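Taking it in order: structure first as structure tokens, then the write-up.
Per-chain residue numbering starts at 1, and chain names A, B, C and D are given in the order in which the chains are listed.
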Amino acid sequence: MSNANPLALIVGAGSGLSASLARKCAAAGMRVALAARDISKLNSLGKETGAALHACDAADARQVEALFSAIDAPDLVVYNPSYRIRGPFLGLDREEVRKTLTVTAYGGFLVAQAALKRMVERGRGSLFFTGASASVKGYAESAPFAMGKFALRGLAQSLAREFGPKNIHVAHFVIDGGIARSGGDPRASARGADGMLDPDAIAETYMSIHRQHRSAWSFEVDLRPWVEKF
Amino acid sequence: MSNANPLALIVGAGSGLSASLARKCAAAGMRVALAARDISKLNSLGKETGAALHACDAADARQVEALFSAIDAPDLVVYNPSYRIRGPFLGLDREEVRKTLTVTAYGGFLVAQAALKRMVERGRGSLFFTGASASVKGYAESAPFAMGKFALRGLAQSLAREFGPKNIHVAHFVIDGGIARSGGDPRASARGADGMLDPDAIAETYMSIHRQHRSAWSFEVDLRPWVEKF
Amino acid sequence: MSNANPLALIVGAGSGLSASLARKCAAAGMRVALAARDISKLNSLGKETGAALHACDAADARQVEALFSAIDAPDLVVYNPSYRIRGPFLGLDREEVRKTLTVTAYGGFLVAQAALKRMVERGRGSLFFTGASASVKGYAESAPFAMGKFALRGLAQSLAREFGPKNIHVAHFVIDGGIARSGGDPRASARGADGMLDPDAIAETYMSIHRQHRSAWSFEVDLRPWVEKF
Amino acid sequence: MSNANPLALIVGAGSGLSASLARKCAAAGMRVALAARDISKLNSLGKETGAALHACDAADARQVEALFSAIDAPDLVVYNPSYRIRGPFLGLDREEVRKTLTVTAYGGFLVAQAALKRMVERGRGSLFFTGASASVKGYAESAPFAMGKFALRGLAQSLAREFGPKNIHVAHFVIDGGIARSGGDPRASARGADGMLDPDAIAETYMSIHRQHRSAWSFEVDLRPWVEKF
């Protein structure tokens, strides 16, 4: 694959959605870069998709800068990282709450700033944020995750308004439901056929949103299994 | 094309979005049926796409029944009709307001009931509703259109919750901005390149939502030009 | 009470919220007019509060005109009427659906137009709409009510934007939960203490919103019991 | 005033809304505690309302603990602090963005945890959060403030769901517009009569929400001037 091929950067890469995204991007002729705090688990995915692996803590400004210095200007950046603690509010650990905000939202800011700088220079690009049902509804005993995901949505909305007219497509995805692991997820079978989100199916929608013509861009797209209560 | 090919029914067919949809459906190997109150303008589109034309006032229960009796069970139904009056609220004509509600929302109910009856029997189908920015925001001097489009969205939400678990994909599209006419729209050029929604681009997204795997269905998708204020 | 006292008109008056509102208004020194299709049940409330009773089908334009011709220009108008059918969507009766839209939303338009005409002439007034959780969420097997209540909310939003700057306070209340009947409601006790909305408590909030200074008006206020899931 | 009088704690006290709140609370027979990073400006307000002044950085866990150790269990806690930077996204300073999140949202978590611990022990209380239009809409060139205010709203929603059934009233206020300074604000006059929110008017609504009966609690209340565009 040549440097002329568009580059997709997936931040917060793991074995689920980001693996599917990496495969879809590679199949679409894109070069792929995968960034994660721990890249040791990504070796086989890297080989399969030809993706370059980058160790990066997305909540650390210097590491984010180093990541973007190490790659070409990306055409598509997806921000996935989140950290989640749950439980009765009065028992929550303060530092864990801070970490939830930092990983889920502040890291999104850092990656967005680095990505948009490159995209504005080239006059194009897509910047996608992965949200959850907690992005639009604050559930009991889950305040920190709601704080982080609400904040990420606020960031995405603001960026869509500022950078849309600069030809950069900012979108936010509300994933409402559990994501099944590839290759047969026992939790998924317990919920009946297709009762959890297939990561390939999510990735398919991300790709179709990335391919949208700029006269009709989506900002927010919700995704949930057919049987999900909402 | 054989009867084994899936059937798309576009209700409220005109020259813009529905023409693009008809072409996309035909190109995807679907049979197409176009329903409109006045089908005289649809002749060339009918020839081009092989679509059957059906005269039907979607706000009239008997005509809706007759339409569905005349066609096979559809795989995809799109409800587009709307009627719109604007102006200072105190000057609005009562019968025009009633008509706005009837065409924009009550017709959606009639078509949904007829469509879902067939889809439930077959255990599958997609039912899509075309909304507008007025679906989520009631603008000054535009109360009747807001009433109709809010109501249509309420209908769509309720149906998604009831019929999703019956394997029927109900989705609602928020079209935020003016739709350009095909073949060069002078209003569009005034707004700059791609400043109005290209109907082909909208149709492309409708098709990608129709093709979604049921483990990751979207209910609501917004679409607007890159330069649109929102 | 003299004609100089401000007038409150409650449309869709029954034994619950509107009775509480009538009492609060009377206690606040307002004259009260109660409009309902069937006023025979309102006799004792009329005597208690000194309210004038007006038979009026709010969905009938001529009756709404007659109502407003029979009363002085109101300072506060509350629109309560709704009609509700529920059940599996495929079994819904078309005329019942039409009636739901007409009573719940179109009647709101008729009353709003008559009320706002008088309020604009005097340069002041409050126009309040009673919504429900169905105003913001379309529940399964309850599409018609969602259509009507969504439409009423769209109306209210549009009117708030058009008539706020004319010194008329338009507000929409989302009543989320069952309203208890006065004097001990067996359904309420089953839900535990204060498990259903006390109509006096709702009316208290309506009055505090009516008394708001125009530099800080609320448009939308939700109300639900402390134990309600939402 | 005796220790039997209920206690209101206003965190993030300044000269605007919190001064009005302090006066309303004192007038309603409540003891008042004012917490702010810099309490030197609060001396005259303290004297006027009899309020105790507490120096406290709400984003510092130890200072928040010290604050709550120094006061009785509060009946009403209002969280006001926010920090705001604006400007083109690419030029935003990272540490300023972090500070925006920390002051606007993480401090809200710290205060909420300390307040709710006391309220749960006593089985009652009100915890109010002051939001802004940025709580529900992410404006261009204002991403950090949107992140902070969205996060605070997510926190408030989650807490309302968890602590409502514990008899604690959690509410979130969306202040949409500029708040006028008391005693004649030149910016306000430029916007016409009552074109900015009068802090006394806001405080009046906070008090009426605090007095709500628990069978009909509001979670979210918006407030804006009659002439405000929204």
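Rule of thumb we're sticking to: contacts are C-beta pairs under 8 Å (C-beta built on N, C-alpha and C of every residue); 3 or more make two chains touch, one makes a residue touch a chain.
Source: prediction; values computed, not measured.
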{"item": "Mutual neighbours - chains that touch chain B and chain D alike", "value": "A, C"}
{"item": "Distance-maximising chain from chain A - centres being C-alpha averages", "value": "C"}
{"item": "Which of C-D and A-D has more C-beta contact pairs", "value": "A-D"}
{"item": "CA centroid of chain A to CA centroid of chain C, Å", "value": "45"}
{"item": "Length of the line joining the C-alpha centres of chain C and chain D, rounded to whole Å", "value": "31"}
{"item": "In chain D, residues with contacts to at least two other chains", "value": "161"}
{"item": "Chain pairs that touch, as defined at the top of this document", "value": "A-B, A-D, B-C, C-D"}
{"item": "Residues of chain B touching chain C in the complex", "value": "61, 88-90, 92, 94, 97-98, 101, 105-106, 109-110, 112-113, 116-117, 120, 134, 137-144, 146-163"}
{"item": "Chain A partner contacts - residues on chain B that touch it in the complex", "value": "161, 164-165, 167, 169, 180, 194-198, 200-202, 204-205, 208, 212-230"}
